[in-house]
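Common to both upcoming complexes is chain A, partnered first by chain B, then by chain C.
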Partner chain A sequence: MGCGVSKSNQFHKHSRKAAVLIQRWYRQYVARTEMRRRYTWHIFQSIEYSGEQAQIKVRSYCFSMRSVCYAVFSHQTELENRVYLAGNLISHIFRENDVCWDTEWERYFCYKNIEVPEVYSGPHLTFPLTVEQAVGLLEAFRNKKQLHSRYVLELLLETWKLLRLLPNINRISTCQSKEVTICGDLHGQLEDLLLIFYKNGTPSLEKPYLFNGDFVDRGKDSIEILLILFSFMLVYPCDVYLNRGNHEDHIINLRYGFTKEVLTKYKIHGKRILKLLQKIFSWLPLASVIDQKVLVLHGGISDSTDLGVLAKANRHNVRNTHARILSKSTDSVSSDTTKDEWRQILDVLWSDPMNQDGCMPNEVRGGGCYWGPDITEDFLNRNNMQLIIRSHECKQEGYEFCHNRKVLTLFSASNYYDVGSNRGAYVKLGPDLVPYVIQYQASSMTRELTARQSVGRTERSALKVLREQLFAHKSDLLCAFKKFDSKNTGLVSLNDWASAVESVMHLNLPWRTLRCQLVACKTADGTIDYCDWFNELHIDQSLLETLYRHRSTLETIFRIVDTDNSGFISMEDFRQTWKLLSVYLKMEITDEDICNLAVTIDSNQDGSIDIDEFMEAFRLTDKKSRLERGRSMFMGTASDLTKLEDDPSV
Partner chain B sequence: MAPKKDPKAPAKKAEPAPAPAAAPAPAPAPAPAAAPAVDLSSVKGGDILFSLHTTDYREAFGLFDRVGDNKVAYNQIADIMRALGQNPTNKEVNKLLGNPSAEDMAQKRVEFEAFLPMLQTIINSPNKAGFEDYVEGLRVFDKEGNGTVMGAELRIVLSTLGEKMTEAEIDALMTGQEDENGCVNYEAFVKHIMSV
Partner chain C sequence: MAEEKESEENISALHKKITDAFQLFDYDSNNTVNVREIGTIMYSLGCFPSQADIREFTAKVGEDFSGVVHLDKFLPAMTKVLLENRFPPIPRSKLLQAFKVLDKDQKGYLKPEELTKYMMEKAEPFTQEEMDEMLTAHTHQKDNVIHYEKLIDKLTADQNM
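After this line comes the complex of A and B, so read on.
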């Protein structure tokens, strides 16, 4: 038989076999990369949402403290003393001096006395604003200039005046063949906004824009983004529309970076700017409707969403969108905003779509709902509409359809979790109301990375964050492990390890898949020595561990306590904050611990503590341990470490 | 999406008892449309090693479920198997699924219990390739016997023979592999592709 097989046949057979081998291998490589990408995504998203949840808990805790404090007025036990003191502190913080008339506020925000020095090289604004000035502002920010606080206040005042005239629901029309460009979350990422304007053109009479909330927090240029959006809105009030997002809320800003950004960039007038922004945020419209057929809002809907109710609500009374959880008082919301209106606004700003029918509370976020395809169908039919466009969730491709393509999620902050993590997108909607999506990804770094490098980088980043979280929960994890290890062998099976970790972390992550990335030590029979594992992750004293875990919460509380936004809190306030935290954490932090800590922090011993210095201490600890763990044996001084702060590769 | 599967997903961590009890007979009713050409009922779950990893497999399976119904589409099966370290050809997987039509591939879904025996079959199949096999396979194209193959030729082969790859896939694969003469050192190439 062999003589019948020619040489070329033989060659062909081998070629085919070789081809199949390589193709099979390649497809395996792609599938495994995809799986890594997916769980990396899960990690970032779970941690982000659980952070939001923690934020809500802090706030609801603060409110419950206040009601408790009223109840224990007459008791004198140590614990209740602490609670009472804490409650006092909180009352002081949350008191709203809203009784001032707006004209008084206008005087408070007056910019006229602010001098602009000769050396100022940024843009000068004159009002009413012209399009040349708006474009000039764009250019200035592109060139890393900062707008002087005088002009900031003036611009914000004009914006406030305009917003007060707007309805709760913008009505937009695509008449005369105008296409509306809709953008999702920007989160302070100026590069993305500049990219959108570059690709699509700046707003104009022929080019209307709608921005769907979450302009600030997390990114480093939130104030610049706001100033650009507001300036174009002032120039083209009928062609630039803004919807409020859940991050247009000053309590959220305390945690997620916007407050800090403003105070850092505007050291003298920052607090005034923030106060004015508080008002502006509350006056932002809640939603927009295009051609009466397409609803655009930031979060989503619920089974009780009623556009009529939303249109009539006093939206500016809802300053903090979570203020009423657990609180029986109505301090943050005026009494003429009903509970129903308030809840509907919450739904609009916080809800997420889900795949199952029905509607249930959004426990992950702590506000709004999860709503199903049946709710969408019902809502669109009732309101005679055809599409809901929303944002609020980061999507790998920058956008995602769901609910039979009746709901479109749009996200415009590319590389949100890390370089290469996701693209951004914007939508163009013409009179045919068919959404046309354009994607992009900012940062030249991304283009140079291969897919594999990009996934690898993001994955390393995610795992680092995850390890930090695990390390910070060491005590709880130890307890959980001991429950599975009744014989005290110090070992747990892989199954038990995964169950214990999930029971503590509540992140719903694929722990077994991640195990080989998280646990290096493993005994021969596949069990895990959990004490060894903690050594791997890094150990520290329990107080420091607690501080580290709660550093975001700490910072939030500090900034709340710092009522005049000076960046400093007194020793006494510092001590009170610790007492509050110890009750919250159900953990003994002795007065001695507090004193020792305070002494270390108050380096110039002047009786007040610089919040930034305190948090910086954490950043340095974090950076140092990162460096030691992986990249290099860096033996520099503290100031050298600070220099690395801006190094994007660290 | 991670948070939303919580209310629906039943506790998935229960480990199946080892050996025979874990024989995952394919779910009777939901066996979709055409009976699979391969008789999966004969697949024994008797492999202890296999059943120990079932929970791992279940986790990975869950990662690919984009809908939330605890199932995955036919056209995802091959990828999930690959993500789990197997290396089936598309043809092998199609055979397991009963050679479904293109429409079935996109529409039909299968749950984890039906997926397991398919995975077991692939794991048991003898078609494992190692470093030497790949190098052998590429040596076929080494006309001059000097350890290199022409990148261009490789590209043509990959796009026309076997289970054809698209141009984009080939580009991604070959990035950085060809030297200035357009040649690929295939031993290095194989080391590269195996180093994931």
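After this line comes the complex of A and C, so read on.
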């Protein structure tokens, strides 16, 4: 008996020790995974915001160039020469659209002579729209059908007519115990919208909805999302509300994919559709107020936000939310829209909350402000309100409260950066005005993985994107490394590597932590051969390297130049664009370089360049951008969704 | 002299590393983190403190009653911890031994109920959430057991952060 007791005591002691070891190891593993998840998130966000910033810089550059070009140079330096030559191009790009009579527009958008062929298997729409047709449209899109351009134009025209009647600020009330469902950014991710409608029901008289902007760009089904939202709005005009987001702007769309999506899906009528959408976006309401107590808008507020001013502004004059504020010449500001109204609208669409008190310009985005809790407090008190609901920023849980729970950020595009990167959320608000948040994640894969497990995939994706960015900055990095390597040994210490990379990339990432994932070659004494490292990353080709880094900018400029959205630009415009770019980049691109490039690209020698073909050249090494690939890997088919339908826990 | 300079560099590298890790949890961007994150930050810097160690360390660096920890207290304290290697890693071999002790019948795997019993009742018990996470992530889909050698591979992978 004594033996038995002591044996069990022994086991007890040993097993306790063993358990401690395992627990400690496991907790360590979990903590490390958490760290990786956080810096992966940081990587995606930094790159996204620095992309937005780059976009703004290009446009601001183009605009400042325009005012310079109007002047006559008495001393023409080489730089001024180039600018002057590029000036014709710039004037041409930014000439204001002269045609603005509504009747002329209606004629331009006329769909009546567009024939729908027999073979078309998508939905046929008749107006006025019924709820059965709206639901039918949902089904059709779920089954990957495309709506015929005739119906698209008709639907958009009806939408435009309705939007023109709406006020700048929607007034919504939760009377009769109606709960309003509020959704944040969707960014062309149809799966998320379908999931929301599946979980919460489609819009109806009993189920009003408010969509808080950024319906388009980045995801691949932006036009379908718009068509669904517009059709439900036409059926239930008093129960479906839309707020404009900063992506409801055709210049932004040039860079972030919506323009391309429409032109690809609608090869013949895409241009007209885009033009009509330009007008529709400008007619979208700017904000909504629920029960006079809850303000819902896309970006946020600033210390000068005045709902009275916003309510009276001519919102449709604001087609590009960035353009005006950056222009130095006053002739482009319409007399109807004052600079103050302008800035207020910009603030509403672009601002982000911060944790410190005060208000300062939002330099990361290039528009709007960062606003603090004191501004929120002041605003709510002045306007006798209790809550601000906004979107605009991706949050890992799909939502986040800040400013003492007086500001709620809501984001409805799950897996935004990559599969498993974040959840989406929507909010239900009843007469008690207490927000009730529902989260989801549109992927049949992530249900099987815990949040921690999906880190691995997302992390690999983020690191690939990061390597790409590093490669693109090779010359700057080389300079920075050489500064640390005064003896020209070709080696730098780990610490110096991190400092150099930090100073060039401006991405505010934990480089020392990331180093072991980004640098495989390391000498025995802990130094890095940076030339070896670059070889590890990619092959060097100087002109191409610069172009590769700036390919998004390049594509944007091309598409701006292509004013009629034909997809082609003339050789002359092409040359001018290069001149403009070389001035912007402060680098030498000789006429000879340009000619050589042009000759290779203009394959059919007809004097015009196909933009898509040109951009394709950059995709030789990288078929799709990593981010796009991440999303398209998920891209659920209808069967994935039906799998979800059977699951009661969804 | 050169040695001094080198150790200066080492210290500044350590500082940077600790600050980077700290800032990943600094939501308000004001160089503070919630006390509850201290354990996670310490683990992620490669340390293996016990729960008691974490509590003791937190007590030293935390502000009373506020639930936050400031970087200016955390940084020097954590630098010391790393320089002294106060909470050294547990070697993989010990981890395997540990599992073998728990696996009384030497089957090569543990059943979820067994693991749960040990993790939640003994030593520094797991919370329900921690237990659920471990089981969901590491129980084999088909035969519903935990193959601990595979688990050990996962736990000890990429340790050189």
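Keep in mind that, in the parts below, the second predicted complex is superposed on the first by the 595 of 650 C-alpha atoms of A that agree within 3 Å, B and C clash if a C-alpha of one lies under 4 Å from a C-alpha of the other, contacts with A are read in each partner's own complex, and residues count from 1 in each chain.
Throughout what follows, a residue touches a chain if its C-beta (ideal position, glycine included) is under 8 Å from a C-beta of that chain, and two chains touch if they have at least 3 such contacts.
Please read these numbers as outputs of a predicted model, since none were measured by experiment.
Steric overlap between chain B and chain C is present once the structures are superposed on chain A.
Once chain A of one complex is fitted onto chain A of the other, the partner contacts of A:45 are limited to chain B, with no touch recorded for chain C.
Contact with both chain B and chain C is seen for A:34 once the two complexes are overlaid on the shared chain. Of the two partners chain B and chain C, more residues of chain A are touched by B.
Of the two partner chains placed by the overlay, chain B and chain C both lie in contact with A:20.
In the superposition on chain A, A:516 makes contact with chain C only, while chain B stays out of contact range. In the superposed pair of complexes, A:364 makes contact with chain B only, with no contact to chain C.
Of the two partner chains placed by the overlay, neither chain B nor chain C lies in contact with A:9.
On chain A, the surface patch touched by chain B in one complex and by chain C in the other comprises residues 11, 14-32, 34-35, 38-39, 42, 354-356, 450, 452, 495, 498, 510-513. Interface of chain C with chain A (complex): residues 9, 12-13, 16-17, 20-21, 23-25, 27-30, 39-44, 48-50, 90, 94-95, 97-99, 101-102, 104, 118-119, 122-126, 130, 133-134, 136-137, 154-156, 158, 160-161.
Every residue of chain A that touches chain B in the complex is listed here, in rising order: 11, 14-35, 38-39, 42, 45-46, 49, 352, 354-356, 360, 363-364, 370, 450-452, 495, 498-499, 507-513.
For chain B in complex with chain A, the touching residues are 1-8, 13, 15, 55-56, 59-60, 62-64, 67-69, 78-83, 85-90, 129, 133-134, 137-138, 140-141, 157-158, 161-165, 169, 172-173, 175-176, 193-194, 196.
Looking at the complex, you find that chain A touches chain C at residues 11, 14-32, 34-35, 38-39, 42, 354-356, 450, 452-453, 493-495, 498, 510-513, 516.
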